[in-house]
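Here is the structure we will look at.
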Amino acid sequence: MSRAPSPKKARTALLAAGLLSASPALAQTSPADDIQRGAYLARAGDCVACHTTPGGKDMAGGLPFALPFGTIYSTNITPDAKTGIGTYRFEDFDRAMRKGVAADGRHLYPAMPYPSFAKLTEADMRALYAYFLKGVAPVDQPNRKNGVIWPLSMRWPLAIWDAGFAGKPFEADRTKDADWNRGAYLVEGLGHCGACHTPRGIGDQEKALDDRGALFLAGGPVVDGWIAPSLRGEAGTGLAGWNQQEIARLLKTGRTDHAAVFGSMTDVVRHSTQYLSDGDLQAIAKYLKSLPPTEDAPLARPVVADRTAAALRAGDLGRPGAAAYVDSCAACHRTDGMGYVGVFPRLAGNPAVLQKDPTALISVVLKGSTLPATAAAPSSFTMPPFGDRLSDQDAADIVNLIRNSWGNQAPPITDRDVKSVRGHMG
Amino acid sequence: MGAVPAALAAGMAVGGTGAAAEPPAYQPKFFTAEEWAFLRAAVDRLIPPDAEGPGAVEAGVPEFIDRQMDTPYAQGALWYMQGPFYEAPPELGYQMKFTPRDIYRLGIAAADRWVHDNKSGKRFAELDAATQDDLLSRMEGKKIEFPDVPANLFFGMLLENTKEGYFSDPIHGGNKDMGGWKMIGFPGARADFMDWVDQYGKPYPIGPVGISGARG
Amino acid sequence: MAAASPKPVDAVIVGFGWAGSILAMELTEAGLNVVALERGQNRDTYPDFAYPKVIDELTYAVRGKLFQNLSRETVTIRHAPGDRAVPYRQFGAFNPGDGVGGAGAHWSGVHFRITPDELRLRSHYEERYGKGFIPEGMTVQDHGVTYDELEPFFDKAEKVFGTSGKANNINGKIVGGGNHFEGPRSGEYPLPPLKNVYSAELFAKASTNLGYHPYPLPAANASGPYTNPYGAQMGPCNFCGYCGGFGCYMYSKASPNVNILPALRLKPNFELRANSHVLKVNLDGSGKRATGVTYVDAQGREIEQQADLVILSAFQFHNVRLMLLSGIGKPYDVASGEGTVGKNFAYQNMGTVKAFFGPDVHTNPFIGTGGGGQAIDDFNADNFDHGPLGFVGGSPCWVNQSGVKPIAGLALPEGTPKWGTTWKKAAKDYYAHTLSADSHGSNMSYRDCFLDLDPTYRDIHGQPLLRMTFDWKENDIKMTRYVVGKLTEILKSMSPKQVSVSVKKFGDHFDVRNYQTTHLVGGAIMGADPKTSAVNKFLQSWDVPNVFVIGSSAFPQGTGYNPTGMMAALAYFSAHAIRTDYLKNPGPLVPI
């Protein structure tokens, strides 16, 4: 079984991509350069996020993933010969990265986004290999046994999965400029943004792997109480209201003048995107801004007359949720829902507030959120958890208030929705 | 423990004013039944129930003080308590070896003993309000001598803790229904007045909120 | 005997409040390997100061959760040499901090510089009023540094703190709107002034009507979102009223935790060790060079941390105590007046006037901010003619409504009983209708006000406590009575129902029972002469030149202004000298 592109075809794809690499001296790199570039690419791929436990050794694996079919653990990808990938040849590494097949022939679970990593150029793959074999400290730490329910615990169905949903090498779009293509390469490939932001099908596969799919990055499923919003051009719920600079700044610092990352994106910024070059971040932002809205999305947010701000400022707290909002939310997000520029996010028009699925918003209210401390923005502002202060009904009232005030419009929720999110909290 | 009049053992306030709006009976953990009776009677004279607002008992002040007795504060653990202990000018501050627990234990016993000896064998809680006020005033003004703890030291701590229980956040057991805050117009844990800082001359119209999120 | 010796470092910093965090940042930026030792626990805005749990007057302001743990260590106090000192057993007059951020985590935020004249106080008074004006026994001195030398560092501190205010004098040009009496500034404040609460608005109007010059108090409570030169961000102050005694949940009050640590802790050459109590600075055989410090860690182990450079940046009196315990410098001897360590211990000299209004004037005193308000400097420093008055010093006066909370803050007209129905009615009638103003006075230094080691009392580690010998003097009481008189006139002009005045009387002794301020100064004072100062103008020990002693311990006397801004500027001034001169050529920065 061979779905890998022939070496010749891979080269074609690489050449077609032109200046995909951040390093123009791609053809003539020294081993040390390769390790350094590989380290950068490993940041872009956020390998450490899944392959390191909190407080554990870098890349030594062991992080649990509660998937629909059971709990699996990430593996040791340090160059330790016994427990890691120290004995991997480049070909083994390449096959694991692109096809999800380990050196011993085991099929990896698709929590490892190898369909996305299949997009990598050979040069980038070789740089990554150099980094993992020579730039990472070996750690002797045996892999943990996975707890996957039968029949998926038999790894052979994965081969069938792989056959159906495998990724392909990146092919440049000649109608777009080098920046766009660089952005596409990073988003679709190493960045594996679709792992969270693309809806999944019945086989848990991402419904699209690149911009040719209309559902690519159209918003992902609920994972651990969080939901990754659409990165396409929908008004309100997507990135229509964002400009390229704001997207790049969010990835660099975890925040913009009006928004902040939350949920698992916090770690993505902390471990990965803050380290990307400004050029790469601009390229990513440019690419994302080019994605059109999904077909059923409204083109613009409706204009809604609203007197919430005036009522709250006058101390008129009759509306459900108004009193609880004034007591627990208004200090930072203001009675006009505008927050404070650069520090506390705006709720008016905030995509995280307007998502049809309220799970992530409820999670923020109950669990709070902490901004990543990044080199460019070291303050890790924290919204405290309000789960203990608010009843299910209070939280539902607050969520309904902020989803339907200051011009916001989103479907109502009930205390049962809050109870359900609370039930999934650890 | 000596014989306790039935009314005291039942936790009812005797003398002074009634405590109609009393919350469900709290069972003290530090104070004995006699001490509890004294405490309830005394704090309700320091902050009596009237038309202005709840009395100290209704506001849960005795519960607050009893719960405070289980904190490092009451054990003297927040204070420098190493000897030697010398008498010093009052301006140099507290110089005795008693912890708040000691002060209550000795102070209540001394006050009740004084009442017993000077008021035909009664206890403080059995006196009428005017007589209770008179004794409290004497304690405050150092016009009475207690054997161990100075009367004014005990009185000062009792008054301080009573006001703490009346005005602190309800999570500490007092200020029930935020009655103390509502009386004076303090908004509690609201802690956001951005909309109000420059609304000059207007009363603040929103009632208090507590740390727990409850509203008064 | 130390149980362990970690790797030697370039610099060890003792105490992680404002002074320690500033020096840590500066020395880390200079490339040094820096370890900071903080004896209290680790603290950060989240979770330690998070809403709503920090909005708890009892736990924080009353029980003092963020204050130094007196059960472990305190000071002893007496009024005069020859008296027996007794311990400061409970909090009263002052509240030193503890934990990461130190008192910088629970301060209020008033952020002043110093008046240029006060930096050369003795020279200035002698020049203007003659040699005999300063009374015998008043040991005030010049700082040995000029306002112009410090100006860039005042400016830097304000930019780091995100200070809100209004300049009046920019490079000698009067731009107006700020303090009529201020020294020249190189630029505006980084943020515009905070909004006035109603009480401040009333005070400004009344002061203007009487011909005074009100200005917005400079506040390290951000008037809007702010990003400082380190990239650390502040939220805007929302007048929640929980500053002094509390950590700020809005990230809007400047603190080491908000303004410095976020950037500092990302640096690989910096390490912060909390729960690490320094016992002493270790000196080599010559006694002229420090080799590091010995501290006790959280497990009670004695650790020796070697370092080339030792920065003492603990609270004012802890700096002095560590010098005395370590044998750095010559202890002050009150009998002979010789020696420098412990000399010139001074404080702040407060007076308060309250106006009680009827039910129609809503001052809403729970609305507040720790550093904001309206002030006048007409009676501060030497902004008025002291000649006929016969005293040295002055007071700024202000309404600094920082959130009046009911347990400790409820004030009632004089003569109101302290309990019972009359008290209750007064509490209800006046709480929301009271305006409070302060005269925040200077306190001169005197020959018999000093610090030394107590012969009797010890801390939890068995080391002697520091002993304060201190009392109010006639000069300072004259000053406060004069200024409080002026302040009372201002409040009376607002036509309240009643005014209450709290001011020292002649013969009053220092009273530790009631809070005054935590603005303790001196004891390791700066100056130009090693015979009369413990540190040079760069806050470098004259005797052990690889020890720098940073803090208000360097002030030769107490100013009318709050000390933090001046202390922070001195810290930056000292750090600059270390970076530009000392590191190139370690040794005395001022020749002896």
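Note that the chains take the letters A, B and C in the order they are written out, and that residue 1 is the start of every chain.
As a working rule, a residue touches a chain if its C-beta (ideal position, glycine included) is under 8 Å from a C-beta of that chain, and two chains touch if they have at least 3 such contacts.
The structure presented is a predicted model; accordingly, all values stated were derived computationally and were not measured.
The central chain here, found by comparing per-chain C-alpha centres with the mean of all protein C-alpha atoms, is C. Most remote chain with respect to chain A, judged by CA-atom centres, is B.
Ranking A-C and A-B by contacting C-beta pairs places A-C first.
Centre-to-centre separation of chain B and chain C, using mean CA positions: 35 Å. Per-chain CA centroids place chain A at a distance of 47 Å from chain C.
Chain A and chain B have CA centres that are 56 Å apart. With touch defined as above, residues shared between interfaces to two or more other chains in chain A number as follows: 328, 331, 389.
Residue positions 51-52, 236, 238, 240, 249 of chain C are each in touch with at least two other chains.
Each of residues 190-192, 194, 204, 213 in chain B touches at least two other chains. The touching residues of chain A, counted against chain C in their complex, run 328, 331-332, 340-344, 370, 373, 375-382, 384, 389.
Within the complex formed with chain B, the chain C residues making contact are 51-53, 55-58, 62-64, 69-71, 73-74, 77-79, 84, 86-90, 92, 195-198, 201, 236, 238-242, 249, 361-362, 364, 366-367, 405-407, 410, 418-421, 423-425, 427-428, 431-432, 456-458, 509-513.
Note for the complex: chain B touches chain A at residues 190-192, 194-195, 204-206, 209, 212-213, 215. Across the complex, chain C meets chain A through its residues 45-47, 50-52, 224-225, 227, 230-236, 238, 240, 249-251, 258, 262-263, 265-266. In the complex of the two chains, the chain A residues touching chain B come out as 312-313, 315, 317, 323-324, 326-328, 330-331, 334-335, 389-390, 394.
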